[in-house]
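The structure appears below as structure tokens.
Which chain is which? They are A, B and C, in the order written, and residues in each are numbered from 1.
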């Protein structure tokens, strides 16, 4: 039994290393000084330094990482919270009264499987007319659409798990629909709401295509900003700096994801199997 | 507090009739129990009264007010559910206070009433716990507390004791009886357990297939069942029901080796040869009696002071159960003389209606 | 009943949101799909019938992109599911004792695909990249990962390594939900682990296998972020996926009508494929 477990540990370590290799390599490179990067491409840092991070975190003409982070944060918050707000009442009505079960539910859930680029172009045109192009709100609205299918799916599952008797008890206690939803159903959906938020925030933060197409200066999110850094650095990429930018860009969802990994894994499965 | 009247109440789901033309009057302060086998429509009837189901036809009047079209939250009733349906995210205190807060009562009044309910139900020390931290009996009391705090016109109970173990069930039964005496509020109570019905009710409604079979006090139903179904349902152990046909002034029992007994006093005689049902309660059987059947003991269940005897006539189909005092010496294989008086006999026609 | 009005109110936020953000653009897409438009004439599209569609269907790059997406989606889906299944079944006993190991393995999923593409740029860089460095050091040779000869394999491996954790997670859950009784019963019956996997565990996990293949195929088919940040359209357009094709047609070349026509074609195909897949799964469920 013991040696078998040891072999499993070895396989785990190997898989973890291979799967995370780009992340590990980037993290290590971020600690290499400007001189060392070109001399030493290995996974060993000779003279660890924080100078890359210092440069990245200093506002300059070329790179204002705080601006990107702020854009991403605002857009991802809109993109994570808005779908929960619009999906929650419908999820309840769907489970308890069958509202929209025939058309609306499959329509929304199938959105998840469609290539997003389909909507990107007409959205670009609509946004340019509506003045939403290159705004955090505009980006957030799209990210909300991206997250809507999973939000609806998770909330429908959550509401379906609430025993009907509890809601009937609330009715007998004099609660109309509004009070029932706010005081009973909403608190009971809290675990699902947290999951939806965590997952939605990570997805929204990581989104790239819409950020690339719908923003140019003011509302550029972190993922797109990081790629700018690669494209615009004339005379070759400064790899140490680039790596530090990527670490900063990847950190918020990574921290959230690792702290809440149980919730992500759960919603992954729910979203996949019920969809 | 209020009385309850149901007038020609029906509920159809699809083409199927779940409750059918139920008319009933429950006086103010009564403890009314709906009893019947599962699927008899008793829970549906309760939910119609509660407003959780919509009536297909008929009227519901609470304290003279027609509430048929009133939604559940405006009927001013309280209900205790089988699963208790406590709000798992709220403390006991908030659970009990929920109804009062729904009605936007001032907080001092809410606190006072919650305290009062907690005192009556001995929940004082549990007020800050969540339902998950309570035992089954405690949850039950919280569910009741949630119901009594709003001083509703009626209490509705949907099989409230069925999730408790046997010992606790007996205890809670006593508690409920005491509570009813203390509060005096009209109670409508659903159960499939006829013992609960007999011990708690001032009025029992026996239901079958969505219809009312008989309404009456526990002893009325026990002593004078209207039909075969009520006779078989009320009373424990169950009434013996034997096949019988009239021959002259006697009843011949083909299931008991063709032995016969005299007819009970009847207003009109049934036709000869018609298959009838003869009812005889196990408690009415003793070793002595004006009439008797000669049987052989098959199984003996010693209960201590009493003995339950299952016996049949040699080579015959029908088993007769008797509850006799003493009987410690009885054992299987012994002959058993089941004695009884003619007045203890019930006779039912082929449709199950009682012949009087 | 008054429920009618209440239901409408409950559904309204989502319906209005959908109509506003997707309904209007869909109409726009249809209008521009049959119009001759460029960025200069954005507000005055000229009706051109099905010309855009004819143009798209006659464009060899379109067909190349479609073929790329199909191949990419199918190959990565199969690779991810095979690797994910093997890892899940083999590591399940370890994961049961040490739940945190899952968190380590799903890190790639939490990293933005666009970032992952950029990270591979670093990893594969011929001077700064650790992978060519070690290959040279140990083997004295390293392929040109992003050359026309190897770029397809490179993006397939990159995609596979990032999303194998997804398949792993699905299979792990499916594996863990197989009742322990069944395994014990098989063990008592004298079934060895390898045979147990093929005769009991795999059949029970088969629905999950289809779901995982389907999801991974869809995601592979519509790939954009990581390929775009790693190599863009690729040397000679060799990594132009459908999404990249539409993007390039629209933003780089400004052929709005054509891009829209391609998007509509993609939408219709995806929708039909989806409907078909759901029909098949529903049949299988019965």
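Convention: contacts are C-beta pairs under 8 Å (C-beta built on N, C-alpha and C of every residue); 3 or more make two chains touch, one makes a residue touch a chain.
Small disclaimer: the values here were computed from a predicted structure and weren't measured.
Undergrad: Sort the other chains by how far their Cα centres are from that of chain C and give me the top one.
TA: Computed centres place B farthest from chain C.
Undergrad: Going by C-alpha centres, which chain would you call the most central?
TA: A
Undergrad: Hey, how far is the Cα centre of chain A from the one of chain B, in Å?
TA: 58
Undergrad: Rounded to the nearest whole Å, what is the centre-to-centre distance of chain B and chain C, using the mean of the C-alpha atoms as each centre?
TA: The separation of the two C-alpha centroids amounts to 61 Å.
Undergrad: Averaged over CA atoms, how far is the centre of chain A from the centre of chain C? Could you give it in whole Å?
TA: Roughly 16 Å separates the two chain centres.
Undergrad: Multi-chain contacts in chain A: which residues touch at least two other chains?
TA: In chain A, no residue touches at least two other chains, as defined above.
Undergrad: Touching chain C in the complex: which residues of chain A?
TA: 5, 8-9, 11-12, 15-16, 18-23, 25-26, 28-29, 37-38, 41-43, 82, 85-87, 89-90, 92-93, 97, 99-100, 104, 107-108, 110-111, 113-126, 128, 141-142, 144-145, 148, 152, 177, 202, 205-209, 212-213, 223-224, 226-227, 230, 237, 239, 242-243, 246, 249-250, 253-254, 257-258, 261-262, 264-265, 268-269, 272-273, 275
Undergrad: Could you please specify the touching residues of chain C with respect to chain A in the complex?
TA: Against chain A, the touching part of chain C is residues 3, 6-7, 9-11, 13-15, 17-18, 21-22, 24-26, 28-29, 32, 42, 87, 90-91, 93-94, 99, 101-116, 118-123, 125, 127-134, 158, 161-162, 164-166, 169-170, 173, 208, 211-212, 215, 218, 221-222, 224-225, 228-229, 242-243, 246-247, 250-251, 256, 259-260, 263-264, 266-267, 270-271, 274.
Undergrad: Please name which positions on chain A make contact with chain B in the complex.
TA: 163, 165-166, 168-176, 179, 183-184, 187-188, 190
Undergrad: Hey, which residues of chain B end up touching chain A in the complex?
TA: It is residues 50-52, 71-74, 76-79, 81-83, 85-89, 98-99, 102-103, 146, 150, 156 of chain B that touch chain A.
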